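In what comes next, subunit A is part of two complexes: it sits with subunit B in the first one and with subunit C in the second one.
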Partner chain A sequence: MIKNLGILVLLIAVCALTAWQEPRFWSAYNVGNTLSWTGLHGLLALGTAVVILTGGIDLSVGSVAGLAGVMLPWTIVRLGWPPALALPAVLVGAVGIGVIHGLLITRLRLQPFLVTLCGLLVCRGLARYVTGDATIGFREADAPLRAIATATPFSVAVPGLDAPIAIPIAFLWLIAFALVLAIFLRRTIGGRSLFALGKNEAAARMSGVATSTWTVVAYAVSAGVAGFVGALLALDVNSVQPSTHAQWYELYAIAAAVLGGCSLRGGELSVIGVVLGAAILRVLYNAINILAIPTQLEFAVVGIVILVGAMIDEGLRRLTSR
Partner chain B sequence: MHRLVRGALGAFVIAFGATSCGDRSGDAIRVALITNGSSDFWAIAKAGVHEAERTAGVSCDFHMPAEANAEAQQRLIETVVARGARALAISPLDSDNQVPMLDEAAKALHLVCVDSDAPRSKRLAYVGTDNVAAGRAAGSLLKDVLPAGGRIMLFVGRMDAQNAKERTQGIREAIAGSAIEILDVRTDLGDPAKAKANVQDTLAAHPDIAGLVGLWSYDGPAILSAVEEAGRAGKVAIVTFDEEDAVLAGIERGVIAGTIVQDPWRFGHDAVLLMARLARGEASGVPASGILDVPVRTIRKADVAAFRADLRQKLGR
Partner chain C sequence: MPFLAVEGLSKRFAGVVALDGVSLHVDRGEWLAIAGENGAGKSTLMKILAGVETRDAGRIVLDGEPVALRSVREAKALGIAWIPQERSLCANLSIEDQLFLGRERTRRFGFVDRRGRRARAVEALARVGLDVPPTMTVGRLSTGNQQLLEIARALDEHARVLILDEPTSSLTPHESERLFAALARERERGVAVLYVSHRVAEIVERADRVVGLTDGKNSGELAERPFSESDVVRLMAGRAVSAATPTSRTFGPPRFSIDGLRTRRHPRELVSIEVRAGEIVGLAGLIGAGRTEILRAAFGADAATSGRISVDGTCVDVASPKAAVRAGIALVPEDRPADGVILDASVRTNIGLASLRDGARRGFVDRVAEKVRARAWIERLGIKTRSDRSLVRKLSGGNQQKVAFAKWLARSPRVLLLDEPTRGVDVGAKEEIHRCIEDAARAGAAVLVASSELGELLRLCDRIVVLQRGAIRGEFARAQFSEQRVLELATGAATAPGAHV
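Let's look at the complex of A and B:
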């Protein structure tokens, strides 16, 4: 937990500062929205973090999400598939892309950076080609399916807020996935194998860990999660532009994972840390709008806060290791 | 690594970005059109290009760059010149700084601008909409639906795009002297999810907001879904640009006051006809001002059904 203290302090500081400057930050509507975006970006970051744990990198996340976001409305609206068939098909397709990445990396011994960069290009190209670059949406037909992205199953009353927070389903998906992942990583042989593989692949292989299999699993998880988030994003916004849907989201995911304590050298992952990392990015983007900071300064503010977070983190680590 | 990225992207542009739309690649006059990116807008323009190819007896290469930047357009111009096109219509992404590039192309072929103008270049003509007029149309619609005035927020991808600047200017001109006040312009860099988050943040920070304006096509659906989810439908005036499915449905439901539409079909169609005349040496098609204006229309609830039917017919869907 001490590892995540820096980022937790930063998250609380940003929230407190924003709420102090603009009390409407602390309104049920705004908190609900921020939880929803944190859910989507947190899922992507956790998926990416599993790959980073193995010492690899997945640059294809945004494009896989883009392709899935295009294929879901395309199969439903253009091909007339029932949503109950289209959604599983899209998810299986996404997992398949991850398996291909994993096999190229383990069997052909290609660099993860190269393989997933090509994945980024191929998936984006396919998304654009399939639709002929036309914007695609769900029209009006698929209200039941849209619920998996936009529903608010229950509300939680928080003292000091103007109304109970309607908890968005995207945030519940994140909590569910984070719990499953945390239990898997801490309590199963598979989870231990991923840590061992990330720390020292050769040593893990010598000790009988099926390193190739677990590497493929990691990329399949990352791509599968990306596909799911791409579908949720498409359902949420209901207007999918094949050329830009979820574009560059892999960078947010990688940033959140590293902010949350993942080492790009592999072997380290804190589920809570990655969720906090994703949360701080979303809170920052929210705060910039709420405080009416000029929109042009957005990236600069985000960059500076991430740097400050990394510095606090490093400072605390030195203090505690003395 | 940069070289690898560029090389791979270049291969992609060539493999997927260019779709030759002419079947008569043999001896027909070859012309080309380069867009500023990919969207429904250009899909409709492409239908107009097809129609004009048939009537004018030319063959048109239609290029949508994979990346919306000047470098991608530069590569496509080189491709077009290499393939021996006689005329080119282009929607320059950065008209001020692309002048040397456009002038270089104008040496090799008949150059016209479409959708976005580069008046200081050696282009022969401009086919497109006066975006300041489009902004004025949006502004007068706002005055119509907000007679008591109020504060409004504008949403767009990038403010450095010429059409964003001109539409904003037009809105400011139209609302000057009224009680409507523009609070700010929030940008989303082309990401519809970010656009939606910007709208949500605006609703959270300004409960009294009277109007929301989406300057780019996807900003419309983003505003619509944020407003409906917040339960604010009907309480805030929404004005959008272009004709996304969700926007037309939103107008029918009475949540969006109206949308300002250009006529991309005529952009593509008229640009190809003009290029055909230029390639055949007929100067008669170019007006003295060099500008072929395609006026905008305001689509409100009563106009949606007829507009949609016309759109479906043009797209063949």
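Let's look at the complex of A and C:
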């Protein structure tokens, strides 16, 4: 809880600093936009965090999102599938990729880093091959489907803002998934099993926990969420470039998870923390844009912030353990 | 004046006495065997001499000079070399790299003196009779040759006292002969050998003298050759065991049976054991006798090559611990921090871990039941913890072990498998754990307990099965319990099977 408070303070500090430097940050449009991106990246980060909870890593989420983002318009536009079939098919496919990752890791005892790195390469390659590397988009008729990514179901009036914030649906997806995940992790046999195997896989197995099954589930969740995010992103931008769609998003996801308190050793996950972590990364990105900091510096800024965060965390831990 | 003399050596670990005023001495070129059961204090003695542990009290005199032995470095500099039972070599290094690891002779600019080193490696290997090229990787050496390599390294560091811990436990007879030949040559050069082993036959054949240890104290000495195997065994047992008092439990029908089990470690030995409801059966044997392997295979933690496990007459396919747990089998494993408990989870989580499904509805854990269960068992076993939310890591060893027990007792298992149930536990907690094992048996569980502490088995069990090198060598009913006879069977000093029931 204290850790989450620290992350929240960091988020508020970054927001306040940016708003003080550039009043445009505190506008309904910018806040809505940041919430939307936080939604997409938060979803990815939560999915990845479930894998990190087991002590594994998933490097493939960006590519899985990329492949899903390509396959959705491709099945609808090129193959003429009805959207009601295409979307579930894409999600099932994404989950399938995660299951394959999980089985390779649990049955063949391959290392998660290696397996998901190969997943990253294979999915990106497939996405580019299927479309011949050509940009692909949706048709006019697909507008109803696009609404699941672009709608703003309601607005919230915030005093001091130029206009009511139109809450983007992507952010609502994040809230919904975060709630489900939090309840799953805290209350269910599956959640308990994931925590137990992340903290000590051998002891969990020796207590009768189905460690292999739950490890596969973790990779399936991560890939499934990545597929959903890839689809949302494609529907939102309506122009999917196979080679760059959701590229490097796995790095943002891992960074957000770690910033949100996950230990790469496994066994630790706070849903709120990861959501706040993803929000910090998006606000930083936004700040770099609107403060006219050279965008080339983006990665450097993100890297430094995470490093400083990790150093403060480690320092606090040493202080309290003494 | 003896070359190495130890006087009144004492050491405690967290209140447990490991060594209590032990004295011994060894001369140049002498071969001294130290005999004692597991837990008698032999390892602690070796570790103190090797500088791994420091002593609480006592004097150590080497070559007439009192020595402090505060670090491994100091021990090595004085010429005391310890060859532990576990090999600690880097499998992918070359033999010569391994030989000089961490003590490279360098020329200018930090370059390794390759030629000088090669010559020295050849010489060091020849000294122990190891005829292999120095460029070969360590991993390709047999276990026995790896042992010789460690000795070669020790001698190259000018060892004057060699401490060997169960050196032949994983060697073939031929490799053992080579090792003994090499040691004989070094003895002639004046190297003193401290030999710690359970192999009674080897002690009788090789040692000049035998010192016995029991419960951290000297238990006697065989000062002159010749001595017999039963002399050595008597020294190891150290004390006459009072006739076992019969237990007051009554047994039900056969509850648990292992039938024709073969483990990976001992694929040629078939093991069959039957335990009745309410009965406590002990598995005795030396380290490496296959106790842990049998328990793990019966619990599905390791795959067995063959065999049938049944509970209450029904055959159970123990493909995984999960399947075993479902059939009512529980295992409190040997390695507590690795397999027994989750150190970084709360007491409550640990106690509830095996019972997640109890009372669960549609996958949701019954959290109220979990809390009540944890508190009840904390109370019942007297687990000393600030609250049920405290991390298990913060508890003492004994209380951690009680948590590992509570996790299973909460399920009222039909079969309770225990591997070293009181290892690293203080005397008080040990007594409490014994009582809780007896309670489980009284409640109808079939209990199979492996322990390297014979006294524990003699106190707890209704029956003791003796294992040696993966095979059952004999079985004793409580009325026939004798530490001496169990030890004779376990060490292979007696070949005839003991009193069969």
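What to note about this one:
Everything below uses one rule, namely that the second predicted complex is superposed on the first by the 309 of 322 C-alpha atoms of A that agree within 3 Å, B and C clash if a C-alpha of one lies under 4 Å from a C-alpha of the other, contacts with A are read in each partner's own complex, and residues count from 1 in each chain.
Rule of thumb we're sticking to: a contact is a pair of C-beta atoms (placed from the backbone, for glycine too) under 8 Å apart; a residue touches a chain by one contact, two chains touch by 3 or more.
Worth saying up front: this structure is predicted, and the values here are computed from it rather than measured.
With the C-alpha superposition on subunit A as described, subunit C and subunit B fit side by side in the combined arrangement.
Within the superposed three-chain model, A:203 lies in touch with subunit C and out of touch with subunit B [touch as defined at top].
Among subunit B and subunit C, the chain that touches a larger number of residues in subunit A is B.
With both structures placed on the common chain, the touch criterion links A:179 to neither subunit B nor subunit C. Judged by the touch definition given at the top, the superposed model places A:264 against neither subunit B nor subunit C. Within the superposed three-chain model, A:187 lies in touch with subunit C and out of touch with subunit B [touch as defined at top]. Across the superposed structures, the minimum distance from subunit B to subunit C, using CA atoms, reads 19 Å. No residue of subunit A contacts both subunit B in one complex and subunit C in the other. The touching residues of subunit A, counted against subunit B in their complex, run 22, 24-25, 27, 29-30, 33, 37, 40, 114, 117-118, 121, 124-125, 128-129, 132-135, 137, 139-140, 150, 233, 236-247, 285-286, 289-290, 292, 295-296. The part of subunit B that touches subunit A in the complex is made up of residues 4-5, 8-9, 12, 15-16, 37-40, 42-43, 64, 66, 68, 159, 184-187, 190-194, 196-198, 200-205, 207, 217-218, 221-222, 225, 229-230, 244-246, 249.
The residues of subunit C lying in touch with subunit A in their complex are 299, 301, 320-322, 324-326, 331, 333, 338-345, 349, 352-354, 356-357, 360, 363-365, 367, 407. Across the complex, subunit C is touched by residues 187-190, 192-193, 195-196, 199-200, 202-210, 267 of subunit A.
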